[in-house]
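One structure below.
Here the chain labels run A, B, C and D in written order, and each chain numbers its own residues starting at 1.
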Amino acid sequence: MLSKQTVKLDPANNPYKPRLARIVSIKPQAPDHKLFQLRFEDRDYAESFCTRPGQFAELSIIGVGECPISISSPPTRKGIVEMCVRRTGRVTNALFDLPTNSMVGLRGPYGNGYPVEDMEGNDLLMIAGGLGMAPLRSLLWYALDNRARFNRVILLYGTRSPEDLLFREEFDDLITRADLECHVTVDKDPTGNWPYNVGVVTSLFDKVDNLNPDTTYAAICGPPVVYKFVIDQLLKLNFSKGRILMSLERMMKCGIGKCLHCSIGHKYTCLDGPIFTYWDAINLRESI
Amino acid sequence: MKSLRMAKRHLPKFLESLGKWGKVYVPVKLGKNSYRWEEFDGEVDNIALDALRTVIPAKKFFYKPREVMFEYDKTNGYTQACAECEEDVILFGIHSCGIHSLETLDNIFAGKYVDNYYFTRRKNITIVGTSCMPDKHCFCKSMGADTVDEGYDIFLTDLGDDFLIGVGSSKGDDIVNDNPDIYEEVDESTTKRYLEFRNKRDESFELVLDTSDLPTILDFQYDNPLWDELGERCLACGSCSMVCPTCYCYNVDDTINLDSETGERWREWDCCLFRDHALVAGGHNFRENQGGRLKHRYLHKQQAYLGDFGRTACVGCGRCIVACPANIDYVECLKAMRGEMTSA
Amino acid sequence: MANRKITVDHLCRVEGHGGVTVELKDGKVDKVQMDIYEAMRYFEHFLKRVPYDQTASIACRICAICSAVHNIVSNQATEDAFGVKCSDQTNLLRRLYVAGGNIESHALHVYLLALPDLMEPRYHSALHMAQDLPDVAKIALDIKKCGNEIQDIVGGREIHACNTKLGGFGRIPKKDELKFLRDRLEKTLENAAATVPIVKGLGIPAYLKSENTYVGLVPYGDKFGYMGDKIAVSDGTVVDVHDYLNVTNEYVVPYCHAKYSAWKDKPFMVGAIARVHLFFDKLHPTAKAVAADIGYKPPIHNSLFNSVAQVVELVDAIADSIDVIDAVLAEYDGSPKDPVVKPKAGKGTAGIEAPRGTLYHSYEYDADGNCVGADIITPTCQNYGNMEKDIREMVDNNPGFSDEDIHFHSEIIVRAYDPCISCSVHVINLDKQ
Amino acid sequence: MAKPSIGVYGLTGCAGCQLNIINCEDELLDIAAAVDIKSFIMAQTGNVECEIDIAFVEGAVSNEKQKKQLLDIRERAGLLVAIGTCASWGGVEAMINDVPREVAKKDVYGDTMKDNPFYDCFNPMPLKDVVKVDFQIVGCPIERPQFIQAVASLLNGNLPLLPTYALCTECKFKENECLLIEQDKFCLGPVTKAGCGARCPSNNIPCEGCRGPVFEANYASEVEIMLEKGYTKEYIAQQMSTFAGTISAEDLGARKLVKTDIP
């Protein structure tokens, strides 16, 4: 007896099955952060692998385990999947021990990603704190690669100190780019050589003039404190709750809405998120 | 739907013929007051026909407490492992609430990403339901799970000397046709006896939970201190979730062999009352205290799942009430949230 | 000749922590002492406060290798105190369980701990030996495994049973499980037979010649076995197990955390060699045949032959276990009515033959069934005196031995006794006489 | 690559955890082939005490000599793994930690050994009270599959993953009748760490807590339940002290959460 559900059983397509991918390059970023470039072994699959900015994938270190990592590369650049990872525990430790050319498992992409169709034609304000830059980077490059579809593109990025800045090599260019308003800041600058702003990320709001809350989408990603202060600021600027987008982090085991670890109220972070509007989040208790 | 009658003395023959469709599992008694499904040993007397709730519900047939998802090796990656998924099984003695619970699990394991393990078994397992008489912990009626019209291959209703045989699928029909001698047509008295049975059963429910507006009420009661009081008592032992026919969350881990090359990826039933259920790297716990975890379980069943699939993720089997060492009572708690006086 | 002092700091391949010191004065042995520095755990306090239904499960933690016998004898001592009688099936299953412990322990000792010394060349361990002789190691491990399988299925765990209780077992092994064990035992019997040529070829030194006094429990019935309620001494004396203190006569020495024993002021020996000496006639025919094949025929007074006696016992235990399983299956009762266990004030004592010799447990309970006194005497304790005697003799009979020789031979003598040091320091004294 | 070197050590205990390593009959030769066993006094001669990658230490610490030895092992070992309940929680020997050792000594050996320094010892403590412990494999004794899995993980360069939930969960996996609920037995399953496959309840014998507490053991609630069933405070205290350190009848329930940072 099969259920009322119309279920298409396709034994060859087990959604839990990681596909093999190879680490093609490893670029150290900040301390305990590295950028991994991965390519699926199956070239056709690699070309067809299609993501939306803000989606994530489940990365398996063979013999150790699996964990969700945001895809940092934009969908506009096919063939390579980039992931910026912080070393925090079992799986990420093992990943950091792997040399280039090692085989890993990858499945995805999962999650809703940013509602880019809605965002097009609007101003885009991205606010990142620390590792929050990882998912936002895919949105950033999506916007820059499709520059004509957006009006203003603004990026505010803050880290604890200069050495924690991720994608450093890109920022030197980004900051000078004419089609992007890019501001970076550090909480503290022990080196004294930091050429840019010092202060928390909200202090960068002063550098952005004439934000129009009615035509701007704000995408925030960072640790809980960032959400708290940035959202306060945006609300003061009269942003509607539906135009504030946040990316939530949860424990995840399956990534596809089964294991229930990422559920918040009636939402699954993996299926319905990780991108939620602030309005969603208010209605999801425990969300931040 | 096709209905037939079978005299009870034919039960051995009936079970014997079921054997042709796969391994037959029947409820048997263990200990003083507990039951579990075990492979039929050929002795009809060993079947506990009166078993209301087995310790572990039918979900174990479709979704194992611990199962290997993949075997892997470091060169070739992951290979799906689930040979026994393909085994043909006849599940005899599941009740109406159990059949409903399978539907709640179907909803989760289907969808955009189909869980192969679950549905391969689902396809290969034949459901032979039996009727039951509720006890003081059953509240399936309140959860709308006290009767079934579909979801089974065959359903046996106890009418005294006879079983009413409901044939619910083409496979069920094959089973019946295989052994025509033991069945008779329904007759005059069947309707009467059936209604008598139904009425008696309806009247036996002692436990009733009013579910009207419950999701909304639970919203209002979000900060009720009772959650934390219950949290203080909860041992996080996991019993309630393990025995719940609709609890489905799981954990995944990888084990490696001594050769450092090969190993297995497992999944294992998990429970949202465990401390590490919402714990993320760096030690942040999204549900820091036990009261919050308990609330999450209840809200998930009565609010979240309901919102997604239009029915609650509880079928009223009463297992969690029976299995809680701390006497935390699901129904009492929800009644208290409604403001009905109880001793929860 | 100069005075010499030879110290074995840490005896390896024995269970527990201890050493040996030998001092020679003018070429003659002056002092031999066992240095047992295993940390004390003071089981009398554990036991003195525990309720009767806990004594066995705590007492078995005295020692892992002898856990099975500690567990059973502890239950039997408590049953003795309360006047509980067990069913035949329980007694058979206990016999099987104890045999499982014996198979495991003897296989471990003979093949994995003692053999590496007696092989040519010598090995540091069975694992080193396995590199040259993988087949021997595999067979040995498989025999040992069979013993563990019995303990696992009947006792519930390979070490520290969790299926035993006062009056019987928590769960009776299923028929399939018993049949599985029977098949395994058949195979293990073949494996054990395959080791006979190796055992035959061992170069066991012959310098120990003096007569040993042997002590062991008289097995019930006409079969060789490990349970009984009479203690036999090789001089012909028989003592009731309740009077065990008259046999053990314990005393304390300042250099050792264990107590010593003496029979008529002289050391005595317990263990496989003692049992085979005392009850050779009762051995299973298969075991007798193996003994004949090896050429083992009592009386034998060279304590180093204890390991060979263990091989004979190993075969007996395997063959007997097959018979026991057949007997259990013949009158199988899957859900027995266990005897009622009602605590009452009083004392109870039981003895059992552990792999390394006679083990006694004796308890006193108050009316609520709380343990108020306990005495446990382990085989290794009883053997310390004899070990010292043997080491003396080894040195005396080999005037040409260098310090290294004495070091090495002291170790193999001690190892031959299969000492269980952690047991030996957990002696408990109820009536301080 | 050089094989990882290991050492297996025993302090105060019954040697059961070490024995259960030797009891891994099917895997022992593979383990021996995969690592370089520098020291394992119970199993081999020719031991060398040098720098090692992983030390497995059994038993509680109960005298100065052992304390020194443990500090020395810690110095030499990359990772220190506590094996067994004695090493992790103190074990049965810590059951009487409310009684001064002097009293215990007098009781066993009489007055003869009063001033003999050879007999000095202190209340047994788990390893974590003396040194940093990287991982614990609990159990009295440790379970063989868990040990093998831990070794395999460590060889692969990761800390092992062992169950963190309570025994009841495993007991349910086994589909046992609940002894606490259906038979009013004193079962410590709800506060005891799983991993043994619910051995005792599967044999109709209640869990005695030999694996020690879960990360957040709700002792207070367990005590409440047992008092309701009519067990006395003394009985409850005794049962709860058997393996995981002494709890007196007075502090029962005060110890709600047992927390440890060691995985």
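In this text, a contact is a pair of C-beta atoms (placed from the backbone, for glycine too) under 8 Å apart; a residue touches a chain by one contact, two chains touch by 3 or more.
In this text the structure is predicted, and so the values were computed from the model without any measurement.
Among the remaining chains, those touching chain B and also chain D are A. For the pairs A-D and A-B, the count of C-beta pairs in contact is higher at A-B. Distances between chain centres, each the mean of the C-alpha atoms, put C farthest from chain B. Comparing each chain's Cα centroid with the centroid of every protein Cα atom identifies chain D as the most central.
Look at where the CA atoms of chain A average out and do the same for chain D: the two points lie 43 Å apart. Separating the CA-averaged centres of chain A and chain B is a span of 38 Å. Centre to centre, using the average C-alpha position, chain C and chain D are separated by 25 Å. Computed centre separation for the pair chain B/chain C is 51 angstrom, with centres defined by C-alpha atoms.
Under the contact definition stated at the top, not a single residue of chain C touches 2 or more other chains.
Counting partners per residue, chain B has 253-254, 256, 260, 263 as the residues that reach two or more other chains.
Shared interface positions of chain A, i.e. residues touching 2 or more other chains, are given as 63-65. The complete set of chain-chain contacts reads A-B, A-D, B-D, C-D. Note for the complex: chain A touches chain B at residues 1-11, 14-20, 60, 62-66, 88-89, 92, 103, 105, 249-251, 253-254, 256-261, 263-266, 271, 285-286. Residues 10, 12-17, 37, 39-42, 44-46, 49-51, 54, 57-58, 61-65, 67, 104, 108, 112-113, 116, 124-128, 130, 134, 137-138, 141-142, 144-145, 148, 156-160, 162-163, 165, 169-171, 252, 254-255, 257, 411, 422, 427-429, 432 of chain C are the ones touching chain D in the complex.
In the complex of the two chains, the chain D residues touching chain A come out as 156-159, 161.
Within the complex formed with chain A, the chain B residues making contact are 69-70, 72-75, 77-78, 80, 102-103, 106-116, 119-120, 122-123, 125-127, 150-153, 168-169, 171-172, 222, 248-254, 256, 260-261, 263, 265, 267, 270, 272, 277-282, 286-287, 292, 296, 299-300, 303-305, 307-308. Interface residues of chain D, counted against chain C in their complex, comprise 10-20, 22-23, 25-26, 28-29, 32, 37, 40-47, 62-63, 65-66, 91-93, 95-96, 99, 101, 104-105, 107-110, 112-113, 116, 118-119, 121, 124, 140-141, 144, 199-200, 202-205, 208, 210, 235, 238-239, 242.
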